[in-house]
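Each of the next two complexes has chain A plus one other chain: chain B in the first, chain C in the second.
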Partner chain A sequence: MSELEQLTEAIRKGDRKQAGQLTETLLDAETDLEQVLGAMVTAMDDIGAKFQRNEIFVPEMLIAARAMSEAMNLLEPRLIAAGIKPKYTAVIGTVQGDLHDIGKNLVAMMWKGAGFKVVDLGTNVTPAKFVEAAREHTPHVIGLSALLTTTMPAMKSIITALREAGLNGSKVVIGGAPITQSYADEIGADAYASDAGSAVDVVRQLVAA
Partner chain B sequence: MQQAYDWPGGPTGALWTEVLGRAVSEAARWGEPVVQYGPAGVLCWAAPLMHNAQLRGAIVAGIAESVLFPTGINEPIFDTRRACVDLLDRVEAANLTNAALLQHRRDEAQREQHRAYALHAFKREASTDLRRVYLRQEPELLAAIRRGDRGAARIVLNHILVIVFGAAGERFDLLKSFSMELVATVCRTAVEAGARPEQVLGENYTALQQLAEIEDIETLSPWLCDLLERVMDTIAHHPDSAATMLVNRALQHMREQMSGPLGRDDVAAAVHVSPAHFSRLFRRVTGQSFSQTLRSMRLDEAARLLVQTDRPVGRIAAETGFVDAAHFTKSFQRHTGQSPTAYRQARQKASVEHE
Partner chain C sequence: MSRENLLEALAGRVLLCDGAMGTQLIAAGLEVGVCGEGWNLDHADCVEAIHRRYLDAGCDMVTTNTFQATRTALAMHGLDDQVAPISQAAAELARRAAGDAAWVLGDVGPFGGFLEPMGDVTIDQLHDIFTEQIAALDAGGVDAVIVETMSDPAESATAVRAAKTLANRPVIATFAFQKAGDRMLTMMGTDPAAALAAVLDAGADIVGANCGTGLDLDDYVRLAEQLVDAAGSAPVILQANAGSPVQRDGQTHFPATPNDMARAVRRFRDAGVRLIGGCCGTTPEHLAAMRTALM
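So, the complex of A and B:
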């Protein structure tokens, strides 16, 4: 197995230490940066697909995402230095009134794993903050997460605020336990993602469209 | 000065050295004296003598337990907590200790205590949440495992895992404790399905010993996921006993409650499953609907009471959950082919003839 394949495997297994070490080795050996990134994306794609097919559990996805982050922290400065910028930017946050962040974190990590630049606004994010972030980063996609039925309506306020501010360039993706496709249609979101795995497919389709 | 009480033999010997040493170090640690239990039934406490942050010695007070509690039980002759405060006050007033440092440590200890209480309350709340969601989703989980749909089972468990990992946040100790809670809960499901605990947790509960040694999320995740897969295996290998046990619990509940107004939804709630799922399980296991079974159960009991007691028919009807006596008579007739009175007479006559 090549070192690139080993890196893919280490991330897939969620072995953070090994993923870090392998990335260092690869970077020291002046491996093509796009290839290193590719090895990481392959691993996360695989994890996302398995999750979508319900073949793995949340913790398995979580540790894979952590291993990916470890590797990404090492790779990122090199990418920046080499002038390789992520093609797409995403802004993500859990809506106002909601403090749950595990779903949002998973999606953020999966998007990073798919090669997006991800701006994470955290939890309990107000519509004003989303508008501000959309102006500053001009993201291709904005992800809204809510785990409570009581905080779902905040999604609508955010979409309204974005539209009123004339920020129509960013596609809005929503997700979270109580969210459905019909709710997404009702509040005028551009897309709905049923889980962290499909969130990647959804944004890929959105940016390709 | 503290009054001197009987102190047999005085505080000498290695054990006393240890106890006094602990009284002093605990007092310095918590910023106030802590009562220690010494040899020969003597209780003692200490106030540290300090120069700046340095411990230079201590003033120790003590009393034999037999003196403090002269009757052997109940009321002590004085309040030891007050005596502790009193000793410290005197030492501080005489400027023999670092009062500011001790105050600081008291504050720290109190903050730590509040944190511990808050954490405990939070854990309790999160665990309840976990159990509530689990109980609501348990039938779905079991049904998925039974029909061999591992994917659907993982969806259910993933819902619960999101709660576990979400509630724990970055706190690994919490994550470990919630994982333990989840494991205990799913093991109960497996055991109710007829598995032995060893089948799930390994011989001598190896899995639990492993958990004790796990110190990071990278090790915890595969441990937890393997265990959940094993639970699903064991449940799958015991195809129907969980349903049987659940229905047995339901029948037991029905027998106990049949004198009152009892509906399917009440019984489903008593065994923690949804009414629709309960109906399906009930029919699969007993071959009859819930209401048919309840009616037969009530009529059988009424028949027994008619024969074995001489209570009036109206009272027996009420005791077996029939609101309307006429309805009872009609149902009974359909069930046994005889009216309640005729049934009673025939059986009682038969039993007299038999004697």
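So, the complex of A and C:
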């Protein structure tokens, strides 16, 4: 197994220490940076696919994401120094009134694992803050998360605020336990993602469209 | 006190818990994003009135308004220094409503993060977090502790151990399940058998499920059967949502009517569930219908 393949495997297994060591070895050997990134993306794609098939669950996904972060923290400065920027930017947040962050964090990790720049606005994010972030970062996608049935109506307010501000360049994807495709259609979201694995497929389709 | 021992009572008959607190607080005017547990201090009358409505509906016990009252959960509202006052006040006001006749269950919910290696919190740290809250519930006079809506069996077992260490009281442990293909699993991928085994090993006296995602009443019946199989000789608790919520004209709507819940409750009982209550979207009206159905 090549060292790149070993890095993919270490992230898949969630072996943080090994993922870090392999990344250092690869960087010291002046491996092509895009290839190192590619090895990480391959691992997280595999994690996302297995998650969607109910073969792995939140614990395995979290552990893999932590291993990926370990590797990414080493790679990122080198990418910046080499002038390699993420092709796509995503803004994400849990909507106003909702303090739940597990789902939002999982999606943010998976988007990072897919090579996106991710701007995480945290929880309890107002429509005004989403508008501000959309202006500042001109993201390709904006992700809205809600766990509570009582807070999901805030998604509609955010989409309205973005449209009223003329920020139509960013595609809005929504998700969370009570969210459905029909709700996404009803409030005019561009897409719905049923879980953190499919959230990657969904935004890849959105940015390719 | 005239209350029987909860476990002895449960051996003799099916008992009825209360229904939802959160949706009742919202109906009473709790605004989105405001800490509902804070109402134990500044809207105590409203919380007590909710307990009384459940007791009037025929519930055998009420559950303290302390679902998110660990220091980690309260920190989201900047109230992490209020663990003891909030939980003790909650227990005291529930006791005022319950008097000597009804039981008071001290509610403990998820701490809001992840244990190692998924997160940064150790078992010892988590034990302390739960102990702090449970000590305050104990001081306020609860009859039992209910560790509920859990996904991670290790987290739930830690809360159960904290409750067992502290108080010589029955401990109830429930998990939230969702469908994963044709299985019922928690968010962490744990099935009913593994979840219940973890909390029984930690000393839980009554085990089962509450809440859940995307489950209709038929799903809860199926879940009840799995729980009874997994619980062995331990009594099983089930607190179903009033069906799986849908949005209608911008409003959240829980589809199961009191009559639907009354029919379901007989099926839960026939499946072997001993302690039955309601979760999200259930109201005193639902619980009154469930009481009648159990008579």
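Keep in mind that, in the parts below, the second predicted complex is superposed on the first by the 209 of 209 C-alpha atoms of A that agree within 3 Å, B and C clash if a C-alpha of one lies under 4 Å from a C-alpha of the other, contacts with A are read in each partner's own complex, and residues count from 1 in each chain.
Criterion: a residue touches a chain if its C-beta (ideal position, glycine included) is under 8 Å from a C-beta of that chain, and two chains touch if they have at least 3 such contacts.
Remember, it's a predicted structure, so these values are computed and weren't measured experimentally.
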item: Room on chain A for both chain B and chain C (clash or fit); value: clash
item: First, second, both or neither for A:P127, with chain B first and chain C second; value: neither
item: Partner chain in contact with A:A177 - chain B first, chain C second, else both or neither; value: both
item: Touching partner for A:P139 - first (chain B), second (chain C), both, neither; value: neither
item: Which of chain B and chain C A:N54 touches, first, second, both or neither; value: both
item: First (chain B), second (chain C), both or neither touched by A:G20; value: neither
item: Broader residue contact with chain A after superposition on the shared chain, chain B or chain C; value: C
item: Contacts of A:I63 with chain B and chain C, given as first, second, both or neither; value: both
item: Contacts on chain A seen with chain B and repeated with chain C across the two complexes; value: 14, 54, 56-60, 62-63, 66, 102, 177
item: Complex interface listing, chain B residues touching chain A; value: 150-152, 154-155, 157-159, 161-162, 165-166, 217-218, 220-222, 224-225, 228
item: Touching residues on chain A, where the partner in the complex is chain B; value: 14-17, 53-60, 62-63, 66-67, 100-103, 147, 177
item: Contacting residues of chain C [partner chain A, same complex]; value: 26, 31-33, 76-77, 114, 117-119, 151-152, 180-181, 183, 185, 187-189, 213-214, 245, 247, 250, 252, 280
item: Chain A residues touching chain C - in the complex, by the definition given at the top; value: 14, 54, 56-60, 62-63, 66, 96-99, 102, 123-124, 148-154, 156, 177-178, 183, 186
